[in-house]
């Protein structure tokens, strides 16, 4: 696995967790690909994973892991127990970009990133490398911006290096208009975007419930409180816009129209990696009786995202091996803004099981 | 339709609502059978419905409707707008039983109830009569009680009268051990039990979400606050036991085991027909990170139940017409404790759509 | 009483409610001045009240009352029971301003408003007239705006007419810099601003609790969902700014500094006059243990505001009679942004009781 | 300090926390006696504290502290940083009782306990020893039980040893009828009972708010989820009864009558020392408008209790020094079921400040 954002909370949790599960220290809670329906799908073993990635930050991975343990994201003692694996991944992290006042143009950056990835693949002798974007959400591009945003540079580099690509963030990545043709004609499988880990996960089961019961949702309001880098990034209205589009898509697709109500994303630094999402739903029942549902979701963002990121790397690796190419709407289960398919989680789960079945076929 | 508990809130809301929807005064919100997938299934039109039933209470239906309007369950003005239909149903209500010190034995009661139903069918010239139990939940029978509880007397009467039967309550009805053979060999279709209108509806979508995401649910606690007759009835631990069994069944079937936590049902008379259910779910994610989901559902019980009761009457009537007999696990969508099938709402909805398809076949 | 915003929900609820309580139809729930500590303070009887006011809207009061009853704010049947009192108030409503393209200057408007108030006082023969602003919150003035906002025109008119004045809204009113000297030197009592009816009321008891227990509040976030005119007005960031300043003042004054977190005010039209406020408080206890408190307040804005508005009119009238002039920090109990004093509700209540005692003295 | 229940979570958190604060490792968050109003009251310094106590369990204190750190109650690293202080306290813990099949009678037990306390006082050379009960809540005594419950044996021992006594639990302690005269005539100060750390703390500020605003509370329902030993102990209806009596007292005293609604205490072992309390309040406003407030309190029981226990030890020690004897209603701020005084937190805080003032007087 090659992480874009390799020193971030999600990547470090994935690296540490993969090592912990491989060593039998902890169960693979939250990893869907470790459940019975995926037995026999030919997914690569967790023990076969090697990690590297790009990042613009420079602190060492073990130190980041310690700070995640202090925050309760990782169990105490885990960073030292998997110190060797963290060190190994740390040695395979390359400086990303573009850095401030970086003289390189887009093409030069893409080539450099692709070369970093290829070097990693060559050094570790992996059969294939899956590139996964877990970097902080980008601000929206300025109007008339001619250059590609970083997430799209990395996405282009993944394609150039012949690697399957996953965009777990709301940043454009492979969805940038300049990459549309490349994405469509890709000879590797790719999937995105914006991992579904909290409020939208809930909406993907609650909205279908209201529709199936023919209840009339009148307003759906939400507030997200989160710290960490993501809280600060998403407090930027431009960055939040992409994320909220994904959230609203779930409601609109399922309910047929968008009810009243807004979604707020607040930066609350003291919450760190912990995220609280409150949803308030006003709906009408028979003869217009007004009713309400409220939900409060208190989750740890990295602990929710990391196992899904490992799932996706396994699924994309196997898909690549099986010769599957292009976008994978069958993986909508994982995303707020998938490449197509139903917005209802139950349908998405059925599609995922079908995909597991498809991977099972001998090739 | 023949209601057991014909003067109760659910029945009166169904009668008033059926008239209001038929007259075009209000949309059929909450009626699943009025949604597109049911077009062409041959369900009887709402305008063709005639209502009667048993009850031990004596107040007139229009008066009950006025009290429901004062409580905000029915829109103001509706009781007077549908006064004629309420009066017509009122005229077809017969005294139920057994009343205190009733000298009649079980057989005599069953025969009397069956005769009441047959008389109604004959008077109104309906092609068929669906008997629906919406009476207050019964207390648990005393140990060694030899007589049938009222709900089972009515259920037996429905079978004897050759009528499809629905048990929308947690009372035993056709599930009583003494009626097991009769239920199995019934020449009419029947369905039950305990309508799924709030907390368990939510659990039927949330529990599958946790399972599909491989999250480890450690504790699921719940408190229900409700007034009306149901609050008082369910404050009785015996009566609550049947209801809680249904709620726990959903969790156990979906999660594979029952997590820690209890369910409370509190009688809070000032809430009247309005019900508040709080659920608190403690779950573990990747590497054991502890997270929480809380839900608060504020619903109007009768407004949630009445459209489902009308749905069921239509589905059972059509099934009867189509020659379908015995228990209908395909209707698990409507029940806490169905006659079989998955406990996940999405699966239950799929099964319901399959049933609608089956009814569509010409016979 | 002379209402600025006389056709709005708060004013109409106050008029209808005053009549209902006077007639003994309903108890004076929510009126603090009807509780034992105020006996003997010489407050004017509710039965002595006469109502008039300014408004720019034209629909009749009885019609507005019917719409409030349909929305569940007023009990059904009340509008017709107090039809005469609504009609009487309706006849005393004058067109406010400035209307679009109004040719009148500020001075002319103030003189006109003062003349309207004086005419009312003369016609109804009241000993005194209390002017109360319950109009929709104004947008923030444009930079460099030379003219007075409407709320300040009405406030100036009240002073000119020699009337006690209350500003129950976040609009500037008598707080406008151009009126500073007039407010300070007023020969009538006045009070403001921004009635404390929901989220801030809670904060005024919860923030002192945290402080008294030496718990360290790290973040206090809030979301308000409301419809009605107020939701739309406060969705304007400028209008919301004044309101949020009041909310934050309570936290800052009590906690000594402002914790992390934002307050959102969302316009959700389908909620009508009903308001939902969610607060999420992250605090640290002994040895840094992180804990949380969440509150959800579901209230009816007009039903919360109207009894307080009647309280204030009585208190200001009695203060005027007693020769008390200028701002009344003793009434901080009622306001988000009072004229001074503690921000803790318990202290404000003590100050209010002291004021009641002061009014008790014979003069 | 002499703890009854010296190996429990509260005691160990107090010992570790006192050491941490004394060493300047952490601020004294949650300790009310460390706030400005208590400067100059002559309270003993935290650095002067020495700890011992009774317990029937045998695991060592440092081990218990490690398990509290693993559960997130104590910061990681703290147990080793204060290992010496934990060891010192451990050495002063004596076996409590009565153990199963203990042959000793009540008098013999009391004498033994008093002798343990006196020995501790003599060894550590403390000017005085405050005995604080923080043991698990006792089950209700069987009818006709002639012997004293353990909490009362310890309380009697404290009096016999001439020590100030605090009962931080709902157990009878000094409130047992057999100790009534002893408590009244005690020549030492004593305080209780049942520390106010969560739901009741909230109720002590919310109930006065409703009363001061003349709002009509119709129902107040609550559910507590907690693990640890306390969850199991309070799942026993008898043990819960005393606790609930304290909770209801707050509502009854403040509101004038007890509204509808129940309080549940559920044992949810996976929550460990973390406690979640949900309250649902239905209240009526002006003209009968029905409104709701819900609160969810997620706290760490030991982190809430330990600083209050240290507060109480300091206050009782100083009171003893100042010659104050008997029950201390001025400390109602700390208790669910105090020895008298108002049930409103604001009044209780005022009384506490008055007590601090009284202690300030030179003696």
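Each chain gets a letter, A, B, C and D, in the order it is written, and its residues are counted from 1.
Following the convention adopted for this analysis, contacts are C-beta pairs under 8 Å (C-beta built on N, C-alpha and C of every residue); 3 or more make two chains touch, one makes a residue touch a chain.
This one's a predicted model, so the numbers in the text were calculated from it and none came from an experiment.
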{"item": "Same or different residue numbers at the subunit A/subunit C copy interface, by half rule", "value": "same"}
{"item": "More contacts between chains, C-D or B-C", "value": "C-D"}
{"item": "Whole-Å gap separating subunit B and subunit C, where each centre is the average of the chain's CA atoms", "value": "47"}
{"item": "Averaged-CA centre spacing for the pair subunit D and subunit C, given as whole angstrom", "value": "42"}
{"item": "Residues within subunit D bordering two or more other chains", "value": "72, 292, 294, 296, 298"}
{"item": "Touching residues (chain side subunit D, partner subunit B) in the complex", "value": "218-219, 221, 223, 225, 260-262, 264, 266, 268-271, 276, 278, 280, 282, 292, 294, 296, 298"}
{"item": "Subunit A to subunit D touching residues, read off their complex", "value": "69-70, 72, 76, 296"}
{"item": "Sites on subunit D touched by subunit C in the complex", "value": "13, 16-17, 20, 26-32, 34-35, 72-75, 78, 201-202, 205-206, 208-209, 212-216, 284-289, 291-300, 303-304, 306-307, 333, 344-347, 349"}
